[in-house]
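Let me begin by handing over the structure; questions about it come next.
For reference, chains read A, B, C, D, E, F, G and H in written order, and residue numbers begin at 1 within each chain.
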Amino acid sequence: MDTFEDLGFAKIDHHRKKRKGFPEVIYCAGKTPEQIAKIAKKIAQKKHAVLATRADKKSFLAVKKTLPKAKYYAEANIIIIGQLKKIPKGTVAIVSAGTSDQKVAEEAAVTAEFLGLKVTRFYDVGVAGIHRLTQNINKINKNRIIIVVAGMEGALPSVVGGLVDKPIIAVPTSVGYGSSFKGLSALLTMMNSCAPGVAVVNIDNGFGSAVMSYSILRSMASSPSPSGRGGKRG
Amino acid sequence: MDTFEDLGFAKIDHHRKKRKGFPEVIYCAGKTPEQIAKIAKKIAQKKHAVLATRADKKSFLAVKKTLPKAKYYAEANIIIIGQLKKIPKGTVAIVSAGTSDQKVAEEAAVTAEFLGLKVTRFYDVGVAGIHRLTQNINKINKNRIIIVVAGMEGALPSVVGGLVDKPIIAVPTSVGYGSSFKGLSALLTMMNSCAPGVAVVNIDNGFGSAVMSYSILRSMASSPSPSGRGGKRG
Amino acid sequence: MDTFEDLGFAKIDHHRKKRKGFPEVIYCAGKTPEQIAKIAKKIAQKKHAVLATRADKKSFLAVKKTLPKAKYYAEANIIIIGQLKKIPKGTVAIVSAGTSDQKVAEEAAVTAEFLGLKVTRFYDVGVAGIHRLTQNINKINKNRIIIVVAGMEGALPSVVGGLVDKPIIAVPTSVGYGSSFKGLSALLTMMNSCAPGVAVVNIDNGFGSAVMSYSILRSMASSPSPSGRGGKRG
Amino acid sequence: MDTFEDLGFAKIDHHRKKRKGFPEVIYCAGKTPEQIAKIAKKIAQKKHAVLATRADKKSFLAVKKTLPKAKYYAEANIIIIGQLKKIPKGTVAIVSAGTSDQKVAEEAAVTAEFLGLKVTRFYDVGVAGIHRLTQNINKINKNRIIIVVAGMEGALPSVVGGLVDKPIIAVPTSVGYGSSFKGLSALLTMMNSCAPGVAVVNIDNGFGSAVMSYSILRSMASSPSPSGRGGKRG
Amino acid sequence: MDTFEDLGFAKIDHHRKKRKGFPEVIYCAGKTPEQIAKIAKKIAQKKHAVLATRADKKSFLAVKKTLPKAKYYAEANIIIIGQLKKIPKGTVAIVSAGTSDQKVAEEAAVTAEFLGLKVTRFYDVGVAGIHRLTQNINKINKNRIIIVVAGMEGALPSVVGGLVDKPIIAVPTSVGYGSSFKGLSALLTMMNSCAPGVAVVNIDNGFGSAVMSYSILRSMASSPSPSGRGGKRG
Amino acid sequence: MDTFEDLGFAKIDHHRKKRKGFPEVIYCAGKTPEQIAKIAKKIAQKKHAVLATRADKKSFLAVKKTLPKAKYYAEANIIIIGQLKKIPKGTVAIVSAGTSDQKVAEEAAVTAEFLGLKVTRFYDVGVAGIHRLTQNINKINKNRIIIVVAGMEGALPSVVGGLVDKPIIAVPTSVGYGSSFKGLSALLTMMNSCAPGVAVVNIDNGFGSAVMSYSILRSMASSPSPSGRGGKRG
Amino acid sequence: MDTFEDLGFAKIDHHRKKRKGFPEVIYCAGKTPEQIAKIAKKIAQKKHAVLATRADKKSFLAVKKTLPKAKYYAEANIIIIGQLKKIPKGTVAIVSAGTSDQKVAEEAAVTAEFLGLKVTRFYDVGVAGIHRLTQNINKINKNRIIIVVAGMEGALPSVVGGLVDKPIIAVPTSVGYGSSFKGLSALLTMMNSCAPGVAVVNIDNGFGSAVMSYSILRSMASSPSPSGRGGKRG
Amino acid sequence: MDTFEDLGFAKIDHHRKKRKGFPEVIYCAGKTPEQIAKIAKKIAQKKHAVLATRADKKSFLAVKKTLPKAKYYAEANIIIIGQLKKIPKGTVAIVSAGTSDQKVAEEAAVTAEFLGLKVTRFYDVGVAGIHRLTQNINKINKNRIIIVVAGMEGALPSVVGGLVDKPIIAVPTSVGYGSSFKGLSALLTMMNSCAPGVAVVNIDNGFGSAVMSYSILRSMASSPSPSGRGGKRG
């Protein structure tokens, strides 16, 4: 019965760290600064690190009042207190197509760093000027996982996928206009990628791509037995 | 009153050659072999070359009975009698992504050749193995217009567009499955292409891409006066 | 390694002029006035002409502070510094259906003029009063390329396409209401046009239609050899 | 209680003639030839004329066995026995865009004739060769109502609407391919028509356009009093 | 050449009255109050009555400054100066489902009255309380045309259509939430109506339904010859 | 571990009767006659009644070979062996709009009877002839739950909902053509119903509407205590 | 003629209580505070309880001026005056997935309580931390009806449906982003639920789910005769 | 120039094994048995293992004639010759919701085994009977990657995601009917999953989920240096 805590407007899942490897994350959209601050405090009291996404400046100030160590990453719209411990060999490349995709890419990058991953950023290397990509492709391929963020036509994951041998997590963004239909075009492009080794998360879901990467790298970093999970986790 | 001819089930637009530069084309889908043969005969009697698209074998045999010079291009599903005169400098590259896109690419190629263009084919050079494309990119760029045919995620026009300085006519195909939604995914990708100099025709409309190319190349090949059409045409 | 310049938030593709014939364009949506001014300055320092689209007044003022020669085309939402050299015989007609489509038509017109094309405007000649179109059709057909801009039902390109023998680049606009679904209706109409010689760009993409025209006219104006690009370009 | 008759699998609405001016119509899709024959017989027994739409040859033969006066209109897929009495001044033009739209146009024409209207057909006058339309426009405008049938981009009603002063009932057809999406493109075009005096019925619903015309013409032909219906009708 | 007048930002179609029976209407969305006032003045100078739809208060004040006789119908968002002459027997019922559909219903009603029709309003008689409809059905059916306005599920035209013998023009509205998708649900319902004698105009297009009614009633009121239009019009 | 049985290609949920009140149902689409027969046998061996939906004749014959008591309801495409015990006061009206909706209505009716409910059928009472509905409305309202099945525009549940005071379960069907989009139109209509007391199941899901009714009636028939479930059930 | 009252802008259906068991509800979206206050007063004058949904603070203040007993439920956006009498055994569980779904859940809860039902709330028990659900499942299943409210992927009703034997009314919410398409994703998930005994209401329609529950529980609580409704109601 | 081989109808990418770790795969849909056999032979001649997906029996027989070691997996529609070498610790669980999803699950399983992974199958454990899942959850979680295959509402990945700490690759299937829209419903559900650590591949793309798993496990199994790829690969 003590696996979650009831604040009335939310049941905080303190057990999640045990179950999933990291504590409950605060998704700020639709919550008041006061609610966010209250939840952040409850999580921090359990000695868990705190991650709050889609947070505006005002919410950050409310959190900072209670938890003075809170840091704000404005471009990523993320509030952070503390950090998970490093994942060994947990390297991730974050590749983005254009300047306008940068917010989503930063949500992925800041989340991944919070989760203990080592992030290298490769921004503004979209297919319109493909030499910017090819000049960096070897460095990109040195990471264990590649997150590719792109809006408009969303072709970048297919192109990267044809050049590297690492798994790609594709993030469509709502950047574009007209028939981009707020990211639907990029989403469909990525779902239909003819390059092997590509899987997709929701439109603008930089956070999700980072958690998927964390989930993969943590699974791999675990106990040597090929057929079991280590006892320390879960 | 003699600009068209009324067959009852169709009014043949004999005036079109004057107006558009080439005679009425027979779109065979939904017409019986007999109707197709009758229209083909009427066009041929006016000394016009004949092009019939989306034609099956049976329709070809019906046409051949009346017009023994008829030729059938099975992969393109096209019947042809005669040919328009060559367009000077009318070079077109037809680039296709995969083996399954070939039917649409052939519809474009055979139509373009009928219209007097010089076609070079670059098939199966999709983004999954991008070296097949880059090894050919200089040859592709030597043509005045580039038609790019692709299904699934439809990323190829964006990638070609980033590498060449020629206009690209993009043809989405209905090749794919699942969320490709019969070509919708490729269509949206191409509409949203971030590469400059790309325009799009309907799904599987190889014919349309060839006519667009013809229309461009004929417009350019025309009279030297920058502000008028030559008197011979139209 | 000097083909692009890294501003942190953007990698400017200085090599694009070589590759595509014109320098990188600034798409202002989602960028701050400061970012826009900084990118504009970097491009201008390379002695390249500058084109910035979807720019509001505020961005223009920021650019003008650094680059006093900057000009603002309010209806087109475009900032321009300098201009590309004229394309010989580079004539384009810009035909628009209604008063409300004018912003998109102007984006096309101002961009085309920047790129060195000779533009003639034919505005407010939609199909509801078709005599306004037919009285102008001969003048329209005297241009080498025809850009047709239309919202609502988007029928204008089909009608123009039935009357001229020049290639048509169709631009659907988001003008309309109800089941126009922000331009989707016009886009589908144009994709399905039964008139030959029509290709389509994205909803509201006046810029794209101008670049496609430029790409065509520059390709045609190039070296006399039918099978190669001139050495000076590219 | 005698206003309808219960056949078990159908309740025949004998009262409809009173209420709507014409007897219940048999929509054959999804019914067996036997069911169709049985319903036709019951309607005929009430001395009502019979109209059965979407009927194949087999259904016709089943009906003919019981009702030897039944006639079959193969292109319209309609079975008819008898006819309603003529509507004075009940003239309708049926205008269709292409040969492939003819089935739907014939469903409209045969239904309208059954309902007592005087039909003039203008087929294959689509916008790709607009002179075929303009040469006929005065004859078309001599009718009291104009039904316009078109598939693909569905632009014809807008163009006709710009040239005539009669009400237009637009019928989108499922003719087309690719992004025509089985008539959706034509439907949206017609809904968004910028020409005044256009209303739309369902995709391929030639029958519905005829009944709408009948409903209008019968309403107008009724009693001289401006503020009431004649007592004889339902 | 004097059939339209060029204001630079608009070509006013003075010929429309001849061609369609009523002068050009000003669609105000996307136009500035100044542009609207200028167009209104030009139309009024030709001794034509003026109708401006989707007009806000500010536009009305701008028009009133030049044309002091201008009247504003706030609920309909319409500005009117003058009126067309009465259509004999031109009776229209306007039936609306709920209070929230009233704006669209008023756009239809005010437009119809401007065009010379006699309008009777039946508001708030939706299917949720069907006795409000059935108590009025005889009065509704005394009109020659019935306009039915409904949002949400849009079932009202089907129900009215089952009870009357007059033609119905159905207007879907964008009233609703969730899966009503801004009127799409109501539009599809009306397109698929199983009641005979129903045709549909665009979402929220009260204006269009009035013009369609006018077009029908004027066509019927015209010359006695069953096979021609009167010489004075058109 | 004995709560389900593993057939290799299926895990039969024998525990479901305990949990949900009725045994696992066989959804036959996509299963071979042999697989269906094998699953049916396993369920029957546990002394459970058997219900198999979407079953063709061939599957029935395969089942009958092993289980000779199997009965086939051809119109409903259902195989049944045995029956659940009667639910006291478990009365359900099944109301359908047209003859073509009957298959779905029968799937609902046969399933409901299998589950122990008392079904009264009211077929072919759609809104096009609303008197067929109003004459039956009192009998319909005497049941505790009303299932309403309708395709095309799907308006029937709204109309019934305005006339009765019983809960309505609405079943959209894929009957229709053109813009009915295989039931989407009817589904949206029902979701947006302005009548209170309507909930919706999937397109063509007659089975689901019956199970929902059963679930309601069984819940109501249970133990007298207002705040608990009886011990005998699940 | 006294079954409804005409306020000009609305016809109040005073008869509804007789017909449906509860008085007309005020849907405030799109109505002015004054209109709302006027309708509320008219309903209250008939000695009916008043329920107004989608009401903001301002509307509440307008109502309170006339009807001082009015109470406002801010999270549910509901105004209430009075209450219906208790339904015996009328227990409903309201289960919601996340904090952001709470507004819709509260609209359901407050409406249900107004209608005389006994509500137990189970909030923030979504599938991401399924132990929060399973710990409460027995308490949830003690109610006669279960309303499940969920946005994003909307999986909660399927999961609850697999664990309980009570009828479930599923309410999709517009909570989510990207490809949730304002509730469409959750709606489709719930429509396709493989769990038996689930029916769905419109996106964000908490009100509708409460009325459906009321309708069910009132139907069950009525007269003992299995084949009739009590004479007092309806 | 020897990195691919040109068969005329296909360019085989022999270099892919170097670049991506496994040889080109034959996607059989739309290819003739003869083409498939020819490509298979060419790949086999390079000493590469062969995988052909979406292959029917006929294609298998054509391949077997040339390559007698070919094996056919009928349920997966896959032809295989040879196998890649085992990936150490490369364990994958394949979890499927229902019997009808099995084909897609088998495509994933057979592909994964071909690529050298160790697969454990957990079939028919959908949310309708959630105890079948929970009894297996520990065994499922012992694998390094979990592929979850589900059609209809597609809720299974969210539920599994709430219970395990391993990365999940979700595969929507086209299993379902009505508003499942051939897998769109399941796809949207999975994209919007509120469980962390879920990424999605295309509808019915069992192959893609296996390649993504392979790509992950191979990346993890590679060289010990945290910041580089081993020299032998790529």
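Basically, a residue touches a chain if its C-beta (ideal position, glycine included) is under 8 Å from a C-beta of that chain, and two chains touch if they have at least 3 such contacts.
Nothing here was measured: the structure is a model prediction, and the numbers come from that model.
Participant: Looking at CA centres, what chain is most distant from chain D?
Facilitator: A
Participant: If you tally the C-beta contacts, which comes out ahead, A-G or E-F?
Facilitator: It is E-F, judged by the count of C-beta pairs in contact.
Participant: Just curious, how far off is chain F from chain C if you go by their C-alpha centres, in Å?
Facilitator: 58
Participant: How big is the gap, in whole Å, between where the Cα atoms of chain A centre and where those of chain H centre?
Facilitator: 25
Participant: Express in whole angstrom the distance between the two chain centres, defined as the mean CA positions of chain E and chain G.
Facilitator: 37
Participant: Using the touch rule from the top of the page, what residues of chain H touch 2 or more other chains?
Facilitator: As it turns out, chain H has residues touching two or more other chains at 19, 128-129, 162-163, 178-180, 184, 187, 191-192, 196, 202-203.
Participant: Name the touching chain pairs, would you?
Facilitator: Per the contact definition above, the touching pairs are A-B, A-C, A-G, A-H, B-C, B-D, B-H, C-D, C-E, D-E, D-F, E-F, E-G, F-G, F-H, G-H.
Participant: Give every residue of chain A touching chain H within the complex, in rising order.
Facilitator: Counting only chain A, the residues touching chain H are 19-22, 25, 88-91, 118, 141-142, 144-145, 162-163, 165-169, 187, 191-192, 196-203, 208-209, 211-212, 214-220, 224, 226-229, 233-234.
Participant: Okay, in this complex, where on chain G does chain A touch?
Facilitator: Touch residues, chain G against chain A: 99-100, 102, 123-125, 128-129, 131-132, 135, 175, 177-180.
Participant: Applying the document's contact rule, which stretches of chain H touch chain G when the two form their complex?
Facilitator: Interface residues on chain H, with respect to chain G: 97-98, 126-130, 152-155, 158-159, 161-163, 176, 178-181, 184-186, 188-196.
Participant: With touch defined as at the start, can you tell me which chain H residues reach chain B in the complex?
Facilitator: Answer in residue numbers: 1, 3-4, 9-11, 13, 15-16, 19, 24, 27, 29-31, 35, 172, 174, 183-184, 187, 202-205.
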